[in-house]
Amino acid sequence: MAKTEKNVQPWRVMLSQIIFGSTTPAGKAFDVLLIVSIIVSVIVEMLDSVKSISAVYGDMLRAFEWGFTIIFTIEYILRIISVRYPWLYIKSFFGIVDVISVLPTYLALILPGTQYFLVLRLLRVLRIFRVLKLVKYLGEANFLITALIASRRKITVFLYAVMTIVIIIGSFMYVIEGEEHGFSSIPHSIYWAIVTLTTVGYGDISPQTPLGRAVASVVMILGYAIIAVPTGIVTVELSKAKEDSQSKRVCPQCKSNDHIERALYCKYCGTKLPVMV
Amino acid sequence: MAKTEKNVQPWRVMLSQIIFGSTTPAGKAFDVLLIVSIIVSVIVEMLDSVKSISAVYGDMLRAFEWGFTIIFTIEYILRIISVRYPWLYIKSFFGIVDVISVLPTYLALILPGTQYFLVLRLLRVLRIFRVLKLVKYLGEANFLITALIASRRKITVFLYAVMTIVIIIGSFMYVIEGEEHGFSSIPHSIYWAIVTLTTVGYGDISPQTPLGRAVASVVMILGYAIIAVPTGIVTVELSKAKEDSQSKRVCPQCKSNDHIERALYCKYCGTKLPVMV
Amino acid sequence: MAKTEKNVQPWRVMLSQIIFGSTTPAGKAFDVLLIVSIIVSVIVEMLDSVKSISAVYGDMLRAFEWGFTIIFTIEYILRIISVRYPWLYIKSFFGIVDVISVLPTYLALILPGTQYFLVLRLLRVLRIFRVLKLVKYLGEANFLITALIASRRKITVFLYAVMTIVIIIGSFMYVIEGEEHGFSSIPHSIYWAIVTLTTVGYGDISPQTPLGRAVASVVMILGYAIIAVPTGIVTVELSKAKEDSQSKRVCPQCKSNDHIERALYCKYCGTKLPVMV
Amino acid sequence: MAKTEKNVQPWRVMLSQIIFGSTTPAGKAFDVLLIVSIIVSVIVEMLDSVKSISAVYGDMLRAFEWGFTIIFTIEYILRIISVRYPWLYIKSFFGIVDVISVLPTYLALILPGTQYFLVLRLLRVLRIFRVLKLVKYLGEANFLITALIASRRKITVFLYAVMTIVIIIGSFMYVIEGEEHGFSSIPHSIYWAIVTLTTVGYGDISPQTPLGRAVASVVMILGYAIIAVPTGIVTVELSKAKEDSQSKRVCPQCKSNDHIERALYCKYCGTKLPVMV
């Protein structure tokens, strides 16, 4: 490690340690400052969208927004300069997020017309992805992510089943209830079926005919019961992930390390395992 | 296998491999094409139900619908021709689904009158069952289905209990709230009880009297708490299904049977485990 | 058994076997007939509450109601006559349910005035408790009930915590939102808090002020997260109940029968356990 | 214990036993009386907020409130007097709760003006914290609290992920739906996203555009599926807490440690287990 870094200028190494590292005091301070800046800039963005606040403090909020955009742009440039393989960083998930979090403000300048107003806001909203950077500061998330990845395929099957149910029931309800009760098209009825199956229940559309209500009752009870499926899947995987993280006994012979507490002999080479303290 | 197939014409064997099989390149291509066709035809059906789209592209969408119906009809005939025991296929679940997915379009021709319009649409909606054919492409579903079948009886008991609660509470609320607050009949009140117990909560009917609200509060907390029951049932069965799929090996010495697939020696007595087939 | 029954008349023994038993063909037929009668009478009751149906078939439905009431009354009397200890039956849960399921119709005769109309309906609704009799036909329910009884105390603590949260938040929301936004009193605000925490969300009352919405958001996320608690409790108890029902190996020495599959020696007396097939 | 208490006056020891202890008959009676008083005073507070009740019984309810406040104040003073280290009690959680539960009534005297009416009510509402004192009477809660503390960090990661999702989706919906459909600002849209993700679904704001409904559908299915995560976390921790409370015994021969309390011999090697204390 020390040998390969001789090729790099010392200031780049130091900059890299501050920006990318979080072990030195300067690196830690930088990280904390960055998180605070991100949160404040998101709050500024939110307040700017509130009419009554924007009318009074609009100019100040926009100044803040530009301030943060410039700071984050400089930070992005420093990251590219300091990192050893800039291209790897640029193409990485956080490299892309970093660009997306500053671009909208600049794009709003290039496209000034009122007609692009909505698009401009959509782009500005993307700045909020900046928040995603916080994720890397949380190591505990790995445990959850492992369990979710392990249950990925089962969750897909479950979502496919939910989709099929929702499309079929949505189509039926379109025929049963019809446009006069708010089920104006099949996609709209499918939306209703999702609202009902997930037990959200806005009530903006609700069945009016006895048959429609009977079908809705079945959908609700179904939705109420099948929530057990993803819950069961994730619980089983989390349980397994926990067990795996606990069994750390190492075989003195073959170095295998997935032995449960009760095991007396290595299951790979038959060597007697050391007694646990 | 090769011997018995001597009786069948070679082209039928080949056709069968393409249509029913998914191991040959041609069979795979056919399956992918079929899935894409099914999804597109369902989307066509959905778009046709949207007034604004139907007004402009109605003719085109109906042409598509006819195109898909004819293609699926030819496919159905080919399946009957190519399969060795046509009657077994026709009576099978997917044989029935295949017919149901083409019939509605033809039935709409035979019954033209306006008065059957609603019925006609109900029949057309059945075409969506075509989507169900996708299920067979997902092997991972077996695991979930096994767990659900194992918990079938307990889920039935749970659903029976839910039904009883809902009927009793629905009847009480009919008396407590009465027609002036929207609880116009016992079936309607039972519908409200289902909406509340499953935590859907449309809000199209909601209690207005203090006593009605007190009963509703009890129903809500009950619904919130008893969701634990199906969840617990499915979790336990999924957990068991996972364990069963993992531990099938028995130690010849100590008869312990919780050995993972990779294990070579018994972890309890150190005896070499028999090699897995 | 046979000896003690010599004291009873043979027809009482036979009647008892038909009414209470479900092992003889006659007993089974009686049970099935009873269940069908109960379900039909409940449906009659429901239909009678629907204005449009009651207007046309009212007389017929009331005749049915009286028919069922008389049949169930005769059944109740037969039960008292045939059973060996009538008082034990009358005081038992199902003895009380049996009386409650016939009384309302008779009470409606004694109290005829229009002013008691509502009370009369409340009494009639009680007939629906008849349905509860179905429970005894489901043996599988024991498993679930055992797990629920085992988790009884933890569920109580959970419900107590939910109650406390709901009362405190309801009171806060009463002050924050006030009567002008529908939070007209503390009990009413508590009702809203229950609607929100249990994720029912009718929408008949919803916060209007920014602070109220912030508190509501916290309540919703809380409700969304703490549902994990009853679910976890019941899952753990169900898992234990399942394990207990599986481990049926009996020690040849001390006859203890709660040995897990992996066990080699009896944990109570140290005797070697027989090898499992 | 007896030795150190010689320094204290006997009446203080006795008072302390009655107020803080719950082992002597007098201590038990005091505790029961206190719980009843707390519950009654909370009910009085609730009734006082109901307009129709307050108009008739207002004076009586306010007299009751003062009565309870004075009783609880005397109780608080007695606690300080009788306890050995008053300062420790005053700074403890329940010491603070005890003060908060009497202060609001007095503060309402010092600040009489109509303009402080709302603040006054907010202070009064705090009296409800008195209920929290009940918690200490429930020992079973420890089990649940242990499991929740163990899952604390994972729950935090989960809540952080939920927050990020809700902020991003809220911002997107603000742009997609806009003010004309009720999404009047980003904070308001985030409120909608929370209402939807937690499956509460008030329906006071609901998407009107096709794109908005598509995004809402994704949020609903996401909310429906990810509830599995906290449930899984808590279930695994509860399961572990249960196991830990059961298996504390280690076999001196084979070091296996999953022996239940009743076990006398190791189920793996037959060695006699040490007697439990």
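Which chain is which? They are A, B, C and D, in the order written, and residues in each are numbered from 1.
The rule we apply is simple: a contact is a pair of C-beta atoms (placed from the backbone, for glycine too) under 8 Å apart; a residue touches a chain by one contact, two chains touch by 3 or more.
Values in this document were obtained by computation on a predicted structure and should not be read as measured data.
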Higher-contact pair (C-beta pairs counted), B-C versus A-C: B-C
Farthest chain (mean CA position) relative to chain A: C
Whole-Å gap separating chain A and chain C, where each centre is the average of the chain's CA atoms: 42
Chain B and chain C, separation of their C-alpha mean positions in angstrom: 30
Junction residues of chain D, two or more chains touched: 158, 187-188, 190, 199-203, 223, 227, 231-233, 235, 239, 268
In the complex, chain A residues that touch chain B: 153-154, 156-158, 160-161, 164, 167-168, 171-172, 174-176, 178-179, 184-188, 190, 196, 199-203, 206, 210, 213, 216-217, 220-221, 223-225, 227-229, 231-233, 235-236, 239-240, 259-260, 262-270, 272
Chain D partner contacts - residues on chain A that touch it in the complex: 42, 45-46, 49-51, 118, 121-122, 125, 128-129, 131-132, 134-135, 138, 140-141, 143-144, 147-148, 155, 158-159, 162, 187-188, 190-191, 194-195, 197-204, 223, 227, 230-235, 237-239, 242, 261-262, 264, 275-276
Residue ranges of chain A touching chain C (in the complex, touch as defined): 199-203, 231, 235
